[in-house]
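Naming follows writing order (A, B, C and D), and every chain is counted from residue 1.
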Amino acid sequence: MNPIVDREKGLIELGRRIEELKTLSATQNVDLSTQIAALEAEYAKIQQEIFGSLTPWQRVNMARHPKRPTAAEYIAKLDAFDELHGDRFFRDDPAVIAGFAKLRGRRVVVVGQQRGRDTKENVRVNFGMVTPEGYRKVRRLFELASHLGLPIVTFVDTKGADPGIGSEERAQSEAIASCLYALAESRVPSVSTIVGEGGSGGALALGLTDRIIMLQHSIYSVAGPEAAAAILFSDATKAPEAAASLRLTSDDAVLLGIADEVIGEPLGGAHRDKDATIELVLNAIERHLAELAPWTPERLQEARYRKYRQIGAWRARTAPSEQGPR
Amino acid sequence: MNPIVDREKGLIELGRRIEELKTLSATQNVDLSTQIAALEAEYAKIQQEIFGSLTPWQRVNMARHPKRPTAAEYIAKLDAFDELHGDRFFRDDPAVIAGFAKLRGRRVVVVGQQRGRDTKENVRVNFGMVTPEGYRKVRRLFELASHLGLPIVTFVDTKGADPGIGSEERAQSEAIASCLYALAESRVPSVSTIVGEGGSGGALALGLTDRIIMLQHSIYSVAGPEAAAAILFSDATKAPEAAASLRLTSDDAVLLGIADEVIGEPLGGAHRDKDATIELVLNAIERHLAELAPWTPERLQEARYRKYRQIGAWRARTAPSEQGPR
Amino acid sequence: MPMPEWLRSRKGAQTEEPAQWMKCPSCGELLYKSDLKANHEICMKCGHYFRMHAPDRIVSLVDGDFTELGAEIEPGDPLGWVDKRPYPDKLQSDREKSGLSEAVVTGFGAVGGFTVGLGVMDFYFRGGTMGTVVGDRVALLFERARERKLPVVLFTASGGARMEEGMLALMQLAKTTQAVERFRRDGLYYIAVLTDPTTGGVSASFAFQAHVVVAEAGAAIGFAGRRVIEQTIRQKLPENFQRAEFLLEHGAIDMVVERPKLKETLVRLLDYGVGAAQGASPNGRAR
Amino acid sequence: MPMPEWLRSRKGAQTEEPAQWMKCPSCGELLYKSDLKANHEICMKCGHYFRMHAPDRIVSLVDGDFTELGAEIEPGDPLGWVDKRPYPDKLQSDREKSGLSEAVVTGFGAVGGFTVGLGVMDFYFRGGTMGTVVGDRVALLFERARERKLPVVLFTASGGARMEEGMLALMQLAKTTQAVERFRRDGLYYIAVLTDPTTGGVSASFAFQAHVVVAEAGAAIGFAGRRVIEQTIRQKLPENFQRAEFLLEHGAIDMVVERPKLKETLVRLLDYGVGAAQGASPNGRAR
């Protein structure tokens, strides 16, 4: 069970009681305003206590919250969407939703990783873990976008690429490497938004973009906190510590020069007001696309190159140079 | 049983007797020259009778002769060969042999369809019928050649693309279409040689080249004679008639403006003198490559476009034009 | 929408003696032709899709008129082919039955306001097989659309390359591929719509070289024919094998569209690509 | 061939106190180090491939000297990472053990007469993991080779992205991919040699972006680690799973080469591509 879901329970129960009192007050024509105001104050206090400041591990769980809006929900709010399927080779991977779309009237190619919203959908989309077929569909759509001159919009949400036998047999590494390559060579503007969990190379395959937007409680991580704890702390239960060490929050992403913008979430998380969150995200994407629209392909490629090139080089104070035999 | 193999039997027996007499003459020191000369004259006469003029159907069977040199044998006579494997997606198809090579010192990418020389090899190479994985390896190597500026040399020898369930599931049509596309967009010289059976789209996938060479008894056909007979004559035993109607010989290919050169075969077929045949083929390929080497990519593409564009338009006497509503 | 006069005249013999009824090959129901046409040529009882004649398809798509291209390119008999009948006889009887001069009609028209190069193959003419004329007309369509910087929409319906033109027919795969490649290299936009059936040489060339590959619901699509595969593997294939929906699941095509929604879908697909191309700087990459 | 002086000095601590014997982890045989080295670090008894140190690999490949590139790019501790030990301590001890400052050595040298940009990863330094320094050095290698229009040969050996550098390590997949892409876009030639093990972020970026992907015999290559997969599927994997030979069969790599033949193979592969490029007019297409 997701710890955030646990903590929410009392709050949700309190909210229900407030609603009940309001209904009672209206239908029975009794004045309960004092009681209601008291409960509302308590609600706000508890909400602030729980969600006012979240630890990294809590934010990981917020990013994984089962009610959190998924890629499909963002895509549903676009002005138009026509899904395109398949890698042309092997299979259509339902863990990737992709196609032509209009975002605030602008024609784009959109690609999203789809986490399941319930068990049935999770089985269908493999818990949002994309197979090589899925990445090859992604690559195909990136190349299509570049060919037609359409900007690329991605929604990132996966705990990682599928680690199954079939995925290894069908060259998962090559599939991810090809997505990265297609984004690197693309000649159109691109914006990725991390809407939930940005897990490792399987997430970055959709993320080598001109701009990176993160939702406040989304995460971007080199490895899952559980895996990192198991390997580095030799103790999988130390995931909360690992989550803190990994510096995987949206705030960290800004400090480390990776995220270009963070979209605030309602207190309690994006799922507490899906429509407003989605609205903010789409506005932000459109703002970045509008800014990039006049750029030439050469300028886009040069800026993108510099963006990722400068992440690193932590001790080198002088410009790198060649050194001969010594 | 291949009818040509049947007809050869008496001749091979006669050849063996001549060899025996020669050995006897040498070891026993008896003069058998009269007998030998007589048998040799008979050999030549029968050979001329059998092979002097072959019907189209006989040439089909010559093209399918189990001892006929295969792609691997041509490739073995190159100056160097380093095989490259795989489609990067799914499987390495052994029905395609492909890699870097040197042909008369010239660096090339070579791609050949490999028919089996015996039952065991036939099982391994699926009787020379290429699967989508094989065509995707081919496409990858065409693109590699174009990127590195290496000419493309292909050896065509297949009764057709694999018609199995798996091949349909993995989009055989798309795989062949992509090979054709890769040849059309390639910016390097390309020469295909039909060394045996050039069967339908599965053969042409390696054949949209700047130059087309055919061995004398190779065939290039829109459909297998058996299939054509079954469909058009409603009688699969009419394959000989269908073979004649299909105009599938190398002579036809020249008359129809498709083959650029035909390499003569020894009387009795290429397998009667493999080394000499292979030598002639490699010389011809090198001659065409040398001619094309100084051409710019633009000139190559333009000439290639015209080559295939002009095949057809049989009744149009005037230049095509648009016609409005009438 | 009325059928343009020129299209009516092309349909020739067929429209002069119209049979009132059609029998559904799937459920056996007798259907009024006029009702069937009003229902997009889909059986009202069982939903079976009748194969559409090219002129009917064109009329169902274009906003108004249609300017034909390459009608002068007419078939010959390059190989002097005779099987049970001479090839020219077969061509003549298909011409009379269909009112068409060959198995594809190509030209320019507007679809939902977008002027496009439009090609429609007709299975009723020699099973939609591709000989030199189909190759020439398709190539010409891409060449002229390229000159005019217009997108191409191509409806396929084909049993493959036409045997009666031998090697020449096979080479049309090369010709059409080159025309598509040159067209795409200029950054132009190509949508293929695969209808029942799309197999063999057409499937293995321009059908799968489009940016977007749409299939009509239920269409049989593949390289090898169903019977060839059944003979090879000596067992019956499942009913859905090689159907559009099967291909969608196997990742081979972009979408399956029901016929009544085809035009509106095409208009949306055109809008994405054409709208983009207006402000685009295509990069010359092909795929 | 003698080890260049600068390389010997880099190996530092390791060469000062040389143990005479090595125990084969596969068959348990005790092997003289000098014999092992003469045998390409392959167990004389069972054929087990010992993982090679980067300097040894470089010496085994280059004709003469090697000009190092990017040695000044040294690791920091961008996240202030502490698990059981602080990250700087781990770096320091690996530095002492390996004589290397990071998990990759990059530079220029001649291999069989062909001057190339050469990168060699070292599994003995932090399991060959890629942090910002590996990313910077690899990107710099491709940038400098691009300026000099030289081919690149890159030996991978990596457990993936380095966790101790968090998101920054992940972003090195993007950085290196861009450098490879820009390099290839200029028509230049890149050969990757995948050695044991090549997994995770390195496998999913520059390892599989080469024109020719060679694997050393027996090398484990994959995206997910073997243990992760076994935990997921709750069963043991076959021994050959994710081995170079397995990948060859599944079409993922171009060739499997035995270590003693590696140099001669590379020289031939370089000859094809470099020889061609001299007279070529590359078309700018990437793949």
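Basically, contacts are C-beta pairs under 8 Å (C-beta built on N, C-alpha and C of every residue); 3 or more make two chains touch, one makes a residue touch a chain.
These numbers come from a predicted model, not from an experiment.
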(request) Note the shortest touch-path length, in steps, from chain B to chain C. (result) 1
(message) Report the chain whose CA-based centre is farthest from the CA-based centre of chain B.
(response) A
(request) Decide which interface, A-D or A-C, involves more C-beta pairs in contact, and give its chain pair. (result) A-D
(request) Provide the C-alpha centroid distance between chain A and chain B, rounded to the nearest whole angstrom. (result) 53
(request) With chain centres taken as the means of their Cα atoms, state the distance from chain B to chain D in Å. (result) 42
(message) Roughly how far is chain A from chain D, centre to centre by C-alpha average, rounded to an integer in Å?
(response) 32
(request) Would you please write down the residue numbers of chain D that are in contact with two or more other chains? (result) 208, 250-252, 285-287
(message) Quick check: what residues of chain B touch more than one other chain, meaning two or more?
(response) 88-90, 170-171, 174, 185
(request) Flag every residue of chain B that touches chain D in the complex, lowest number first. (result) 80, 82-93, 100, 102, 107, 133, 137, 140, 143-144, 146-150, 185, 187, 296-297
(request) Enumerate the contact residues on chain C facing chain B in the complex. (result) 4-6, 9, 65-79, 81-84, 107-108, 131-133, 135-136, 139-140, 144, 161-175, 177-182, 185, 200-201, 203-209, 221-224, 228-229, 232-233, 237, 241-242, 247, 250-252, 286-287
(request) Spell out the part of chain A that touches chain D in their complex, as residue ranges. (result) 161, 163-165, 167-174, 176-178, 180-181, 183-185, 200-201, 204-205, 207-208, 220-223, 227-228, 231-234, 242, 245-248, 252-253, 256, 258, 304-305, 308-309, 311-316, 318, 320-326
(request) Enumerate the contact residues on chain B facing chain A in the complex. (result) 88-90, 132, 136, 170-171, 174
(request) Over in the complex, which chain C residues touch chain A? Could you list them? (result) 184, 187, 189, 208, 211-212, 248-255, 265, 268-269, 271-273, 275-277, 279-283, 285-287
